[in-house]
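Chains: A, B, C, D, E and F, in written order; residue numbering restarts at 1 for each.
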Amino acid sequence: MSLLPDNTLITAGPDEGRALAIKLARSSVKATQPDAEVRQRLRSVYAEDHGSLVAIAHVVAVEFATIAAANNYWR
Amino acid sequence: MSLLPDNTLITAGPDEGRALAIKLARSSVKATQPDAEVRQRLRSVYAEDHGSLVAIAHVVAVEFATIAAANNYWR
Amino acid sequence: MSLLPDNTLITAGPDEGRALAIKLARSSVKATQPDAEVRQRLRSVYAEDHGSLVAIAHVVAVEFATIAAANNYWR
Amino acid sequence: MSLLPDNTLITAGPDEGRALAIKLARSSVKATQPDAEVRQRLRSVYAEDHGSLVAIAHVVAVEFATIAAANNYWR
Amino acid sequence: MSLLPDNTLITAGPDEGRALAIKLARSSVKATQPDAEVRQRLRSVYAEDHGSLVAIAHVVAVEFATIAAANNYWR
Amino acid sequence: MSLLPDNTLITAGPDEGRALAIKLARSSVKATQPDAEVRQRLRSVYAEDHGSLVAIAHVVAVEFATIAAANNYWR
């Protein structure tokens, strides 16, 4: 299973780059906890916990930084 | 729905870059918790919790680093 | 209200860069909690909590990295 | 024991880069806790804890940033 | 009071760069908690808490990244 | 006592770079808690705590990013 369509970090623009960053962040969670049922159960907890939401947002920001650099910031 | 007006990271200056960084950080929280009512409820808690405020500030700093690089630091 | 005097990340030297980094970090906290009275109340707690002090120091370090790059490290 | 096959950060593409990032993140945990039995025991706890899963995802994101830069983003 | 002798990030080598990184990290804690007596009291707690020690080490790593880049990695 | 042999960030390859990153991360903990006995006592706790192990892995990742850049990614 390829995580990245066409195995590339290049996206059409920053909006698509954000979507990819979210996807990459979630894929790392899946890599450590492959059981979808467990993740679903955990989700009902963290989606109501602000600390968890911000922690995920932090990971997304780091992934986005890489994707943005890969795309030369879509300049 | 486009997160970024004109789908670009380019802003007029650093002040606008800060505003965009805050917007990106919040958009990641929304992506994981799309229910505005839940976010509103959580907000009343985290806005009074210093750890949460600093955690968000950290995400903003990371997003800003990317935006600043994209804008060649508005030099 | 402009956060950045002259809307620039350029500073005279690293010392001024550190001051700006602290200012940016604090401005993000203000953006999420605009009520100065609440922030003042929270301050009396976090200023006595080492974890909070280090968390803020971390945000300052990230903001400073961006400012330093913007200034080409004042080389 | 070499952590990196051929002692290189170069990978065929981003998918392989993600796999390497996960490997590097786990190797750091091993370096501090070399006892596989203890790690296995801890695993049963953290795999059910969302905060832990996100914390690992954060480390993976940082490692991936380095690997992506090393590969010139597979452009 | 100047934080940086000669107001520069340039150091003789990486060893001096590490020392400066530690100094910068500590200076941020001081900026938020200027009372030396309070910091001394907190110190007796965090120096015995592993989480705190690692949190400070994280800030040092981020500051060092900036200093290293400023010095073109002392290559 | 020099932290870095030959006072350089240059290593033979990424494997040696990982080892140096771990060394740098630990040296920061030592700088704040110089008492080896205290560190040994803390170690027995954090080596069994997954959150601590991941926190250290995070610092290692940040230090490695710097070392990798210094070595131009051993390309």
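Everything below uses one rule, namely that contacts are C-beta pairs under 8 Å (C-beta built on N, C-alpha and C of every residue); 3 or more make two chains touch, one makes a residue touch a chain.
Heads up on the chains, UniProt names are A, B, C, D, E, F = Hexameric tyrosine-coordinated heme protein (HTHP).
Note that the coordinates shown come from a computational prediction; the quantities given were computed from them, not determined experimentally.
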Notebook entry, point to check: What is the shortest path, in steps, from subunit B to subunit E when you may only step between chains that touch?
Noted result: 2
Next item on the list: Have a look at where subunit E meets subunit F and say same if over half of the interface residue numbers show up on both copies, different if under half do.
Entry: different
Check: What's the rotation, in steps of 5°, that superposes subunit C's Cα atoms on subunit F?
Finding: 120
Checklist line | Most widely separated chain from subunit D, with each centre as the mean of CA atoms | finding: C
Margin query: Centroid from C-alpha atoms only, then distance subunit A to subunit B, rounded to Å. What do you get?
Written below: 16
Check: Between subunit C and subunit D, what's the gap in Å when you average each chain's C-alpha atoms?
Finding: 31
Checklist line | Between subunit B and subunit D, centroid-to-centroid distance (C-alpha), Å | finding: 27
Next item on the list: Can you tell me which residues of subunit B touch two or more of the remaining chains?
Entry: 46, 51, 55-56, 58, 62, 65, 69
Notebook entry, point to check: If each protein chain is taken as a node and each touching pair as an edge, is the resulting graph a line, ring, star, complete or other?
Noted result: ring
Note to self: Could you spell out the chains in ring order, with the walk beginning at subunit D and its first step landing on subunit F?
What the structure shows: D, F, E, C, B, A
Checklist line | Contact set on subunit D toward subunit A in their complex | finding: 13-15, 18, 22, 46-51, 53-58, 60-62, 64-65, 68-69, 73-75
Next item on the list: Spell out the part of subunit B that touches subunit A in their complex, as residue ranges.
Entry: 2-4, 7-10, 24-25, 27-29, 31-33, 38, 42-43, 45-46, 51-52, 55-56, 58-59, 62-63, 65-66, 69-70
